[in-house]
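Consider the two complexes below, in which chain A is the common component and chain B and chain C are the respective partners.
Right after this comes the complex of A and B.
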């Protein structure tokens, strides 16, 4: 045999039967895979990337719990107390931070949020003296200040500097 | 084995065409093709936004109202030690030792259990999912149940998640947890159901001192961009290359 003769020539013309079987089987497996995949993978998978596109809107539709201070009183029911709060030092503390999430109450006034926590310890979450707090933040020593009375006895939480 | 130039070219062409066709078929299967630049249905267009978050550690007072509001807004179980956001307390003692704790994720506040004279410096660091632009948690998900949206929020598909917990292991910030009610991985969504309606995330709204700011990085006048333009900022573990989108003002070198 001449060394220059292409060896593949024979194999190209007639595919050997065992190869034919193997390739047919492979083709069937690929077709079956594509078929099963089309049934199992959700329609929106791959719409925007390698994930289920519908899940974005599912997450967007979750229930909102916190309505925001504007919903309470900017031009609504609690206008008076809102205008007091909005001018005073606690204006950075939103209504629902103390009064609790109230979106349900905004939608239906008969559903009342639980009453605001006016305990000494609740005020203390922000105002008891703690080493890690910024030094310029108003803090009291609970041992010496207020004789263990409720803070609201002297301080109006909506207008903390005057009763 | 010898092979003629003609044969070699023939085989080469077939291999190239076959590979290209195979890739095209797989590509068309995986991406439904059509909707590449589109936004999911609704008024909100995610192409117009790219969200970012700023935490000012110098302002945080450790009241834990953020962590509390987050659990209420997102129905995270209160009786389990899992948090989407929490506040850590760092205390550097006179001896040089650093104590880090976050009792109940800060929801019940902090009490001083080390005398003030033993503490060199102390501060609070609020933590939250960093919504990385190169998120390791998304890379490791075997089923495509977690992803980054076009507007830069990393979400979990609760229907598709198989609960294998790889992502919880993969997150270098410990921001993910296992939700025992849904039997899936779970994490902060930056309150995606709120921000897409024009509201602020619950933790940002609940913060009484404005230590948390949220806004659109695409809007040059947003609350977040104003701080990024003016302050000296850093992110957590920048060396990991995760490209976090939660930026910290006043970050100490002890913070991990």
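Right after this comes the complex of A and C.
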């Protein structure tokens, strides 16, 4: 190839062979990108918007896990504790927030929901002191408050100020 | 402890500063790429012969830094294997999604530019070596060994055209980073159409400063005389771009102060309290004023090359630190003011963590390692070590 005159085609000079190779390589890389993209991007992408269209159906078919607080108070099952909870400060915290998902339990009372989460850290998600929390929101410093006992040792979670 | 870091009224979700030192590093590295490339195009496009010794070296520097430009972002976000998805399904209204394409385009331009300007050396190496070296250089030459005058002439022509495309792409690559910040309307410290230009100018400044330092270090390591004409020319361009940079930066602050819109109170607090040291001290005094005076003196002093070289080196180091402080002041400063405009927060860097100072240092070291490897494969020293001074009295 060394020293060979560039070929002539209709008076136009043909591209140098090494440049031709470079641009072919570049074209191959771009084609490979497009090919991989066509394999990787799901078929239903963009069907409704900038997401995988099939995901709508998949999410719709998820099994329902939460029954909602009302389901606990209905049918005379947990009526007493429900009425205590519903009148007190924790009424905005749903039953299943601590007691876990209970849809199965509502359908069949023999299937028990997981035991309630009453760890210190779990209460602390809301009640450990954070600068970003409103000053009048009940917050404690876990280092100094409660001697590392479980919160429920003193506080009744259904009626928080009842110590 | 947290209380000391917060002043005034801030929103709860702002208490933790999300964009860490890695996000400071991202525009810094991208800026070094753009700057180094533009320095090399001073020779390739504008034919400034005195820059020739560092023109190819500048391209290699640009490539080394370009290869890690996305690394701070991917480390910050986590799950780097998902990074490519921004290119597979880019959203048309997202400025960020354009980055993948701009970056790739720019990478192609830089690689082609390097290939064309080193092709003669690659082919000669391929023909003169044996074994794995022959294979490596042959592959790099794409198994085409034509280095006739005509072929090299065509290469040069194409390289020049590529460099002409390269300048706007370099400007675009970095201007875009500024645009991402400038387009955030909720943050008065960022939201300005000047931001892309400010980023671009500081990018060029930092890129040239890096090139000067690397050139001096490389020549010292190789025990070779420095081409003072080239060094002074680089210093001259550094000085010019420094003026443009400070003009734009000051223009923004002055117009902000003169307009005195409702956000001015919090901006004043930011400038006088939160980032006072890094802004007035490091960014303006150390990063701009001192190098400006030193480079001015370099232009005025006759002879005394060693003194001038030391002054240029100090200026370059200060510029590099100053530009890093500028990125810091933009990225961290912007997050230290609350969206409420009536409170401030404080960023406390940590050392050992995914978002910490240690990964930032590691990421900033990688391009230098890449540069050492690349210069081993494609040595640019030949043009640096050509007898620089034709008239010995100069």
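Please note the rule applied: the second predicted complex is superposed on the first by the 97 of 163 C-alpha atoms of A that agree within 3 Å, B and C clash if a C-alpha of one lies under 4 Å from a C-alpha of the other, contacts with A are read in each partner's own complex, and residues count from 1 in each chain.
Assume a residue touches a chain if its C-beta (ideal position, glycine included) is under 8 Å from a C-beta of that chain, and two chains touch if they have at least 3 such contacts.
Small disclaimer: the values here were computed from a predicted structure and weren't measured.
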item: Which of chain B and chain C A:126 touches, first, second, both or neither; value: first
item: Partner chain in contact with A:137 - chain B first, chain C second, else both or neither; value: first
item: Touching partner for A:66 - first (chain B), second (chain C), both, neither; value: first
item: Contacts of A:113 with chain B and chain C, given as first, second, both or neither; value: neither
item: First, second, both or neither for A:53, with chain B first and chain C second; value: first
item: More chain A residues in contact - chain B or chain C; value: B
item: First, second, both or neither for A:37, with chain B first and chain C second; value: both
item: Partner chain in contact with A:96 - chain B first, chain C second, else both or neither; value: first
item: Partner chain(s) touched by A:45 [first = chain B, second = chain C, both, neither]; value: both
item: Overlapping contact positions on chain A, where the chain C interface meets the chain B interface; value: 3-4, 6, 37, 45-46, 50, 130-133
item: Residues of chain C touching chain A in the complex; value: 2-3, 5-6, 10-15, 87-89, 91, 108, 112, 115, 119, 141-148, 150-151, 154-155, 158
item: Interfacial residue positions of chain A with respect to chain B in the complex; value: 3-8, 34, 37, 42, 44-53, 55-66, 68, 90, 92-94, 96-97, 100-101, 121, 124-126, 128-134, 137
item: Touch list for chain A against partner chain C, complex; value: 1-4, 6, 16-19, 21-22, 25-26, 33, 37, 40-41, 45-46, 50, 130-133
item: Residues of chain B that touch chain A when the two form their complex; value: 1-4, 7, 29-32, 35-36, 38, 40-42, 44, 46, 58-65, 69, 72-74, 89-91, 109-112, 114, 116, 119, 122-124, 144-147, 149-150, 155, 157-160, 189, 192-194, 196-197, 199-200, 202, 205-206, 208-210
